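Naming follows writing order (A, B, C, D and E), and every chain is counted from residue 1.
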Amino acid sequence: MIVDCAHYKDGKRQHEGQLSLDQAAAFAGHGGDEFVWIGLHEPQPEVLGELQALFGLHELAVEDAGFAHQRPKIEDYDENYFIVLRTAHYHEQEETVHFGEIHVFIGTGYVISVRHGPGSELSSARSRLESRPDLLELGAASALWAILDKVVDDYLPVVAGIEDDIEEVEEDVFNDDRPAPTQRIYHLKREVVEFHRAAWPLLSPLEALEAGAYAQVPEELRRYFRDVHDHARRVDEQVNSQRELLTSVLEANLALVSVKQNEVVKKISAWAAVIAVPTFIASVYGMNFEHMPELDGRWGYPMVLGVMTICVAGLVTFFRRVRWL
Amino acid sequence: MIVDCAHYKDGKRQHEGQLSLDQAAAFAGHGGDEFVWIGLHEPQPEVLGELQALFGLHELAVEDAGFAHQRPKIEDYDENYFIVLRTAHYHEQEETVHFGEIHVFIGTGYVISVRHGPGSELSSARSRLESRPDLLELGAASALWAILDKVVDDYLPVVAGIEDDIEEVEEDVFNDDRPAPTQRIYHLKREVVEFHRAAWPLLSPLEALEAGAYAQVPEELRRYFRDVHDHARRVDEQVNSQRELLTSVLEANLALVSVKQNEVVKKISAWAAVIAVPTFIASVYGMNFEHMPELDGRWGYPMVLGVMTICVAGLVTFFRRVRWL
Amino acid sequence: MIVDCAHYKDGKRQHEGQLSLDQAAAFAGHGGDEFVWIGLHEPQPEVLGELQALFGLHELAVEDAGFAHQRPKIEDYDENYFIVLRTAHYHEQEETVHFGEIHVFIGTGYVISVRHGPGSELSSARSRLESRPDLLELGAASALWAILDKVVDDYLPVVAGIEDDIEEVEEDVFNDDRPAPTQRIYHLKREVVEFHRAAWPLLSPLEALEAGAYAQVPEELRRYFRDVHDHARRVDEQVNSQRELLTSVLEANLALVSVKQNEVVKKISAWAAVIAVPTFIASVYGMNFEHMPELDGRWGYPMVLGVMTICVAGLVTFFRRVRWL
Amino acid sequence: MIVDCAHYKDGKRQHEGQLSLDQAAAFAGHGGDEFVWIGLHEPQPEVLGELQALFGLHELAVEDAGFAHQRPKIEDYDENYFIVLRTAHYHEQEETVHFGEIHVFIGTGYVISVRHGPGSELSSARSRLESRPDLLELGAASALWAILDKVVDDYLPVVAGIEDDIEEVEEDVFNDDRPAPTQRIYHLKREVVEFHRAAWPLLSPLEALEAGAYAQVPEELRRYFRDVHDHARRVDEQVNSQRELLTSVLEANLALVSVKQNEVVKKISAWAAVIAVPTFIASVYGMNFEHMPELDGRWGYPMVLGVMTICVAGLVTFFRRVRWL
Amino acid sequence: MIVDCAHYKDGKRQHEGQLSLDQAAAFAGHGGDEFVWIGLHEPQPEVLGELQALFGLHELAVEDAGFAHQRPKIEDYDENYFIVLRTAHYHEQEETVHFGEIHVFIGTGYVISVRHGPGSELSSARSRLESRPDLLELGAASALWAILDKVVDDYLPVVAGIEDDIEEVEEDVFNDDRPAPTQRIYHLKREVVEFHRAAWPLLSPLEALEAGAYAQVPEELRRYFRDVHDHARRVDEQVNSQRELLTSVLEANLALVSVKQNEVVKKISAWAAVIAVPTFIASVYGMNFEHMPELDGRWGYPMVLGVMTICVAGLVTFFRRVRWL
């Protein structure tokens, strides 16, 4: 699906509606800092084929763009670049990170963005860029910046959401009355590992962009790429901390499961002792000796009952004091 | 065994059947972008000896090619290169990765591929290459690409198969009714570690190929090697995530074994308490006191039975409520 | 809030009170080694806007300076630098590290420091610098040194505080009478991980400062930056040791929880045995055989009681000796 | 002890018996590609002193060569090199790696090998080299290759032996009827760590040899050193996998110890229940009530015995079904 | 305290007693390869101040030298270098590593060593150097070598002492009769981590010394620094192995604690079963049925006692055979 297709020149969008792909290709050939930005969402193979013909895209890049599950990267094809980004969205209820992908072709005079899955919508990135004529004037690379900035900014709520869940999990772990959240900890660990795999490979291409490895990126824009890089590194550092914390919380959880088990064993044993003592006393007076003076007296029975009660009370008090009950 | 032996020129296979090795060597000497591709499967030492003589292969490389269990590598012998690849195939039922090996000699005008074990068959790689005259024209390096691409693409189902098994294992771990899958987790960990050892050493030679470290690889082909490199890195990153996840799942499993043990201890203790109380009551009325008023009455026995039943019912209800039963 | 705003020249503060921002900007334009140092604390956006206009600060840097939660970094904007530092303060009672931030703009003739949160106050850094005319003479970079030195020196008590708590935790872990401090260990681990994330990213910009990557830093000052770098590395190495130790202490804690549990099980079982033996004896003499010689004798009952006592005493002694009681 | 001392020239050993050290030194001075190879085994200090004088060896190298426990390294002393290698031999029965050391001095015209401990004997390396005139012709460096090749090839059975033991240990761990092999796992871990420390430091000097860092190594030989390097890397990668696997197997072992404990607890509790129920029934009929109708009947006793048997059979069947017995 | 102060020239100490600081400073100015070596032990600030004035030491270095707790480093101050070393001494009884520090100022013509804490005494280093005129002739750097060599050589007994303790700990862990040495393992881990922090930062400055990064070090001495570097690396590699082993031993310890607990549970349960069976039998014959044929016979009681004994013997035998007792 073609989401939008616009021609930018002198820092301004040149028209309201969408251009056709042919028109776009014509404008792209003008050279200079004007460019077209074609936004696609899960395009049919034919559309990609048409674009390949119109813009001279490389077969391998088009093949990659055709379906998702690429790793984040920037590939240099002399006349243009092919960029793969993974978008992330945190589903609070499921505690799951949903991943999408954005593929970008960028060459002199054109930017083609291909969105897969439910990831970051780029319309906000586009409108933000349109409100910045100073950046728009710098050409196609500014659109790449707008997309990168959007994708990386969308990582922040993911990290924050995971952070919140880790805090909830910590409360569960250290609260005696709640069951051990082992499964939830593991699930979070899985999400964090997965998210790391989406965000981490982006760092080194972003560093290359910042360092000016790509000649087509004007110097004024590099600082903006550096800003994106900085955000991505912040995300990565926090994700690494979260991985380490989740490992620790899993171990702490294990220790506490053992402690809780110990509590249970203590409680059980205390009650066993409490009942074993009067049972023993009863068994003594169940013996059939001829001469057991206590048996004959009128008060023998109530006294033994009393002794039993006192034993039970004493034991309960004792175990309460040593915190076994 | 010689699987196939063909002469390629101007992007086309020059004949239908197999050439003899002597014919192949003669064609290999023509120079330019024409080349022969000799495909072997676990060849006799004599065949390797003959090839060594015909193509001037280095003694060390031929020695390596004679039997499997090499590590993945690219070795530069001035006049030619010797490449070792490890192929992987996932046996779903056994949850085991089967490894094979492919050794490749590549020089001006010839490619010799030697397959060991049950790995990736190369006939599909050959026919794929034959359908791409544009790449065939680029000479012998295109055959290397076809082989590498096949080998690395065959890694993907391995990773996917392991991923599926990890998900099954997770279900087992977090399902109370299934036994702890400790052995299966460990077995998967072993496979992942083994697979990592097969795939990981390939990364740096692939990077060298992509970066143009080998002069014989035409520039047009480098992008294709970059594509392979990219796939290999994706595999490697996923394998690393799997290693980390399997470590975590092993720990989560341990915590849950402890939790389950706790459940057992609770259940047992509850039943012990349930039976200890009426036993105690019975022992009381087994005492031989002269004066125990309850003993004489007609309703004593049924009443005590009733009290026992009430105690048991009360305890069972209580333990049900605190979730020990 | 503008905390202070002063003009330094020839190694001396030029006046007592605060300058206005306009005056400061005027002095900043003089060139040479004189400079103004404007100190802000959580400034209103308007103040930042005014400074942006007066000193030609870059939009991205001003945006960052507007609110906290940046990662430590040094960013080069040709005409000036933007530096982010994270301050740390250890709250002994809560065993929590409180983080603040200091952002610094430094250009020819001016230093603007922006403090966020309850971090290190910079007045002591300023007065320390004012007492060193030899450094003040070197220009604006000396103020950066004063700030960095203050921030990194304030890390030392944090590390020391955590070290103390680790030692307390160790005592708790290895003292049989105290409950396992699992939660506290985890909490300390969390603080250490967090603190690492604040201090570690500072190392590589400090190394760049020391190595002379920034032309505006006079050579005489580099040794002072090296000194700061050295302190930061010391902090980082100690923090890494603490992370490793806390991981180990968590594991040792787990082993000791198991050992303690074992103690409990032994103690319980010993008492169970102690009471089971006389109960068994009593049950023997509760049997209703016609011919049980012991039952008839006058001394049967006291003798059995004696035997029971002896058994109990023997068992208690035995279990004491094998350290089960 | 001087094991052998021979003069090599034009790819051939020049004589049958051993040369004296003086003769050797004289031949060493001839220059060109002829050289002497002196093989020592735990030499007296005087012998080393004599060699130092004859060949101008450096004091520090001679000091090192005097006794074992050096780390693997290649040291460049302008006129010659000093190489330390650690040999390894796997003692299958003890499951222990025995380490020895080989020190090599190599200069123009001479190679002196000093063997310590029960390591690889070099006579096979020497005879292998003597059967390769093409390599012998290349001078003293060929002897270094022969030694390195022997040492590294001797690592392979060590790795294979450890691999076998790991597989045995895995069987023990996952076999319910065998005791947990904790000590054996740990012991293997120790051996692997130790072996890693012997083999790993060799990698970077071997890489330097391969890359041609040492001018005295003729280019034709570099491929042979690359071959050795490749084998050493294979060993190192496998050792790393083994370290990781042994860590995992230790954790799996821990989980299984817990599972087995759980089995024990279940079995015990089941039997406790099985015996508690008839005991309870007996205690009921041990009560002394006047009016207990069952007591009077002639069939009361056999019926109760029957009920007890049925209860026991029912409980055993039940516990068998839930797999507690 | 000034420990010694001597003037060295032409490879010889020029006098017997101590020079005054002023004399030393005068000799230091002579240039060439003669130098003075001033040895201090926890000097008063005034002494340091005097030295600063006499030798033109840098304020930051003098500040550092004033008190301990620096990290190991080599700092280049153009006219001289400031070196910090951490000395280590293993207290066998306490199983504790005691750390000291040695700070060294080295410039043309002088070496000033400042010792803090109970570390390595340098008199032996000094006398060793004095016995080597060939090195003494090379100037002040030879004294630095003597100090470094002494400090690093003193690490070896520390590593060996820890190694011994690890072996003792292993014996304790795998010996069933000894209590689990959890605390000792942790304590050793702590010492190893601490020691690593003292020795590891030394490696990269030593590498710089070996590589000739400091022009003042004559080439002849570099080999001697390489020797020290080599020893330091050996120490570091062994320390790393020890860290890994201690982690593993802690885990093995945990598994064995669980195994031991299992043993206890088995033993307890076996005894419980042994006593439960005769108790049950007794309870049967305690039932009050009218018609229990066994009760009337003269041999009933002894027979039941016999049956009980047989049951107990049988159970004990059985549990012995399955190794629960």
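Odds and ends about this structure:
FYI, a contact is a pair of C-beta atoms (placed from the backbone, for glycine too) under 8 Å apart; a residue touches a chain by one contact, two chains touch by 3 or more.
Computed from a prediction, not measured in an experiment: that's the story for all the values here.
Among the remaining chains, none touches chain B as well as chain D. Listed by label, the chains that touch chain B and also chain C are A. For the pair chain B and chain E, the distance between C-alpha centroids works out to 41 Å.
Note on chain placement: the centre of chain A and the centre of chain B lie 25 Å apart, centres being C-alpha means. Among the residues of chain E, those in touch with two or more other chains are 251, 254, 258, 261, 265, 272, 276, 279, 283, 286-288, 292. Ring order of the chains (start at chain A, first neighbour chain B): A, B, D, E, C.
Looking at the complex, you find that chain C touches chain A at residues 58, 60, 70-71, 73, 75, 77, 180, 182-183, 185-186, 189-190, 193-194, 196-197, 201, 243, 246-247, 250-251, 253-254, 257-258, 260-261, 264-265, 268, 271-272, 275-276, 278-279, 282-283, 285-288, 292, 294-298, 300-301, 304-305, 308.
Of all the residues in chain A, the ones that touch chain C in their complex are 170, 173-174, 223-224, 226-227, 230, 233-234, 237-238, 241, 244-245, 248-249, 251-252, 254-256, 258-259, 261-262, 265-266, 269, 272-273, 276-277, 279-280, 283-284, 286-292.
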